[in-house]
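Both complexes shown next keep subunit A, but they swap its partner, so subunit B is in the first and subunit C is in the second.
The block that comes next holds the complex of A and B.
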């Protein structure tokens, strides 16, 4: 067999999880922040915890770091129970949202701080600090104080400081939240490079779904203290488990309807928004008359002035709004039923011929395999 | 440049004269040749020389400095702990009551503080002297330190402490290496503040002092009762100078700290 680590270790039952969160509950007084949560994270993963604010993702991260004690359950790191170990004894480092640089120390002293706590010999400390400064490309800033750095530079110092001790696990709390869009995108790629180069397991907390999609090996979507779905970015996007996940990750059109049964095309649904039956390839276990939903991503809706040849999955409407985005445009189409659907079309043709404009009567069509059937 | 209106200038002059004319007069007359306090007889520093010969004043000054040094140091330690604890514990039942109780001595009449500490010393049969004055000064000046520290801690990012712990630093070492150096300017400002408070306290010292523990303000007060002499002006001038220096130093350090946090 190959020596390479498995690309998808979570699919391989012979792989041992690196972090095991077992039935963990965290209560603050009467408030339950985390409710019997189970999660396995594998070595070298770039795992994102994603969710709206107050969903418990930061609490979970702080429990991994040791700043919050678990109320119930336990957390294992590499097979060892770390639930009761105080933060300064855990082989885990964290990068803070506010960066938390020590204001009275220079950049190099900040980075060296963790190494000094381990009583490493001075020449080794210097060498590692230099390595880290090179890694984050800040060698010229070694003697600066944190208040002489820009936001992006502070962010990289914080990253270097948290990586200097070569932790088994690096926790990142909204690491890019304070950066502007361009810098954030650039830094996302740097983070991925660094993570691959150093082979550290990353757990990142973010509320930015695009960021999570870009950087993660897997995403855990959280809401009210529990995980709703844990899957790869593609699975989360293309096969969300329910309406909440579908809605939280990216744009989505959701059609409500009544289950009509199964035929050779797939699941049949009678929707208030369509005159005819709509189809999805996906098969579900339901009985006639059940309420369910079709989720269709805007880019999977074809929009055209000509009526498509297909018989099914066609909706008619008027263009109400257009958001021109350069490479693509988003059209808001009002259906006869009054509902507004979003459709995205790439602007591949420069001529006006293809042009769609306000108040145009258009047809929306989708392939049966483009829709996801959701039961809740 | 901003233009000052006539009214503003007048208000400024009147306000500051009201505040500082008495002190300026005192300083001026400390350099008076004449023995008569209110009659100018030419410039001289002879009263300062005379002062150096006055054993009573020198003793009182020594007591004052000793008391001020020890009490401000102790008050700074206790006040810093109090300020830290009040911010660190976040909100708990009775927090407002607790922080209110720390600040209470600031608004409590000094006579009451003096009297109550005196009663306590009498009840405990403690001989009054330098020790009791020092204790009383610690009591009333520590709340000022607590206030300074607490206001500093309100802008202190707790994740800095957590970052140090996270990097393997023990809680005690974190305090010594991270928290204390960052809030050090506030600690020094608190020390200077309590030092000057102790230096110029008359009321509480009068209540709690005993034989051999006459402080400088007490000495001045008792000398004045026998008539104001240029010597008193001279010693007061020195005291004013010391207090001014302390206040200026405290505010400079405070400003430096503000710059560091931004």
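The block that comes next holds the complex of A and C.
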């Protein structure tokens, strides 16, 4: 989980947003890529735009960079309307998904390119380039051409080049998409360190929910040209606003059912997957007979061979599949109703005898406060 | 291994499929480049005589077992003794360089606009570039005579709309030669440039803009350097054949238009001096090998 800034500026009404996206619409012919979108991003945030491909997140990023013009609405940066400013005059830099390093220039020249456009004196350019090379630990590669670099090195050159001009805002388009898993995880932490050190506002586009969770101060989940939920990673994971968000961020079990009112335990649901009523602590404004859903994360679903002592929220099933993940295992349990639920259990014991195995009859149970009630 | 097996494996290694395929271009080059080249070289070392063929044999079979070689460098020396030839080479070089530059400027703008056009238009535009090839080259050059001559289409059009009142003298001047060359060789410039510009990564141009580079400067600092392989390919495809061009200066140029291709033709058909004509060709080839080698090197670099 990322380190949050000392205050969460989005909770403080006296804080002025740094980037204001006001009622922005983007159309490509008849196709609406972004539909009346509003979003405020604050200074020094590490903001992620997350969503499936085609949801409009890259279009939004390209509008911030100036490569796409807004069809309607406006974008403010630090109070100034930048909607009509061409990309080469915006104090915003972007790190491209393909890195877009100039193949005919050395690493050094690539990083210096933006500085040269500002007509800085040569010694200042050299100094800044050196700083950047040190920042991304590539000082020994200054004279190399991009085709002589590995994927990870290219990624760092691209980062150094986009940071060299000390932009007010750095946009990152799937910055780690081309790296392998281990390098990606390592780079995520480096990105966070650099963002903290340089105090630049980052807006990152990613389809990798784990990445978004790790690096972001806040996440904006997008679908079909609109934001569905904007919240901190914890909120997004633990309190998704609807089934789509719950399903897109992490694994989730969703039980559909009919609302049966409240009692002292909480919300009662008559689910197709359970003979008895199931419960969630969270209370919602719904009327009896409404369709609603319980979302339960796999790690919050306890799995055991012995019937739990609890009274509520017990489902019986057979283990159909086991995915051994080393530190934990994921069990796919087929309920009597035919539905398959996922439960995760940490592998705390090394010996085999406590292990659950295929075709074991098991009980699944969750605490009422572990389930999220969703109305859509 | 028996000797039979050894012979078989040797035969196999010579006649396996891969070698056979590689052999095709080599055989082609041998038949249609190396052999003619050797003939021309041989003739250039002979002396002209009134006979059929009109030159002396290189090898003379006398009484001895081995033939005696009768090679003479006289034709080559003759080329340097008469300033006509040097002037013709230099004039060809000048015309080739100027027309290559003109073709590059025009070709680049066309290739660039085609590459930037909407995808559905590109095929049609490219087709229009290639379309003139469907008509014979000679007919197209003759058509230019019809356009450029004193009472030609161009002068008639200009006079009828009142821009000029006296016909322009374009036919039989160097200008007509340049027009003819640029027109004829434009597709050879456009096609490699288009192939290069079309696959240029747009994100590089966006990155330049993002880093504060104005569009015009981006063109010079990013687009032009990255299209260098295309520029070189196009320039060599134009420069090399233009150096030896004969038809265009002969039909469109005047008596003062001096080009080595024309000199060669005169030597061969009017003077029937095959050895000098061959020497002219060999020296032209030697002059062209230098840029060809430069081109090769640039291609190798582009591949690596």
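Criterion: the second predicted complex is superposed on the first by the 370 of 376 C-alpha atoms of A that agree within 3 Å, B and C clash if a C-alpha of one lies under 4 Å from a C-alpha of the other, contacts with A are read in each partner's own complex, and residues count from 1 in each chain.
Throughout what follows, a residue touches a chain if its C-beta (ideal position, glycine included) is under 8 Å from a C-beta of that chain, and two chains touch if they have at least 3 such contacts.
As the structure is a computational prediction, the values presented were derived from the model and not from experiment.
K.L.:
After the subunit A overlay, clash or fit between subunit B and subunit C?
P.N.:
Pair status: clash.
K.L.:
Please work out whether A:104 is in contact with subunit B alone, subunit C alone, both, or neither, and reply first, second, both or neither.
P.N.:
In the superposition, A:104 contacts both subunit B and subunit C.
K.L.:
Figure out whether A:251 sits in contact with subunit B (first) or subunit C (second), or with both, or with neither.
P.N.:
A:251: touches no partner chain.
K.L.:
Between subunit B and subunit C, whom does A:87 touch in the aligned arrangement: first, second, both, or neither?
P.N.:
A:87 sits against subunit B and subunit C alike.
K.L.:
Does the superposition put A:161 against subunit B (first), subunit C (second), both, or neither?
P.N.:
Touch status of A:161: both partners.
K.L.:
So in the superposed three-chain picture, is A:272 touching just subunit B, just subunit C, both, or none of them (first/second/both/neither)?
P.N.:
After superposing on A, A:272 lies clear of both subunit B and subunit C.
K.L.:
Under the stated touch criterion, which partner chain does A:124 make contact with: subunit B (first), subunit C (second), both, or neither?
P.N.:
neither
K.L.:
Considering each complex separately, which residues of subunit A are in contact with subunit B in the first and with subunit C in the second?
P.N.:
65-67, 86-89, 92-94, 96-98, 100-104, 113-114, 117-118, 161-162, 165
K.L.:
Hey, which residues of subunit B end up touching subunit A in the complex?
P.N.:
Its residues touching subunit A are 157, 159-160, 162-171, 173-174, 178, 181-182, 260-262.
K.L.:
State the interface residues of subunit A toward subunit B in the complex, per the touch definition above.
P.N.:
Interface residues on the subunit A side: 65-67, 86-89, 92-94, 96-98, 100-104, 113-114, 117-118, 147, 161-162, 165.
K.L.:
Mind listing the subunit C positions that touch subunit A in their complex?
P.N.:
201, 203-204, 206-215, 217, 222, 225-226, 228
K.L.:
Report the residues of subunit A in contact with subunit C in the complex, numbered from low to high.
P.N.:
65-67, 86-89, 92-94, 96-98, 100-104, 113-114, 117-118, 161-162, 165
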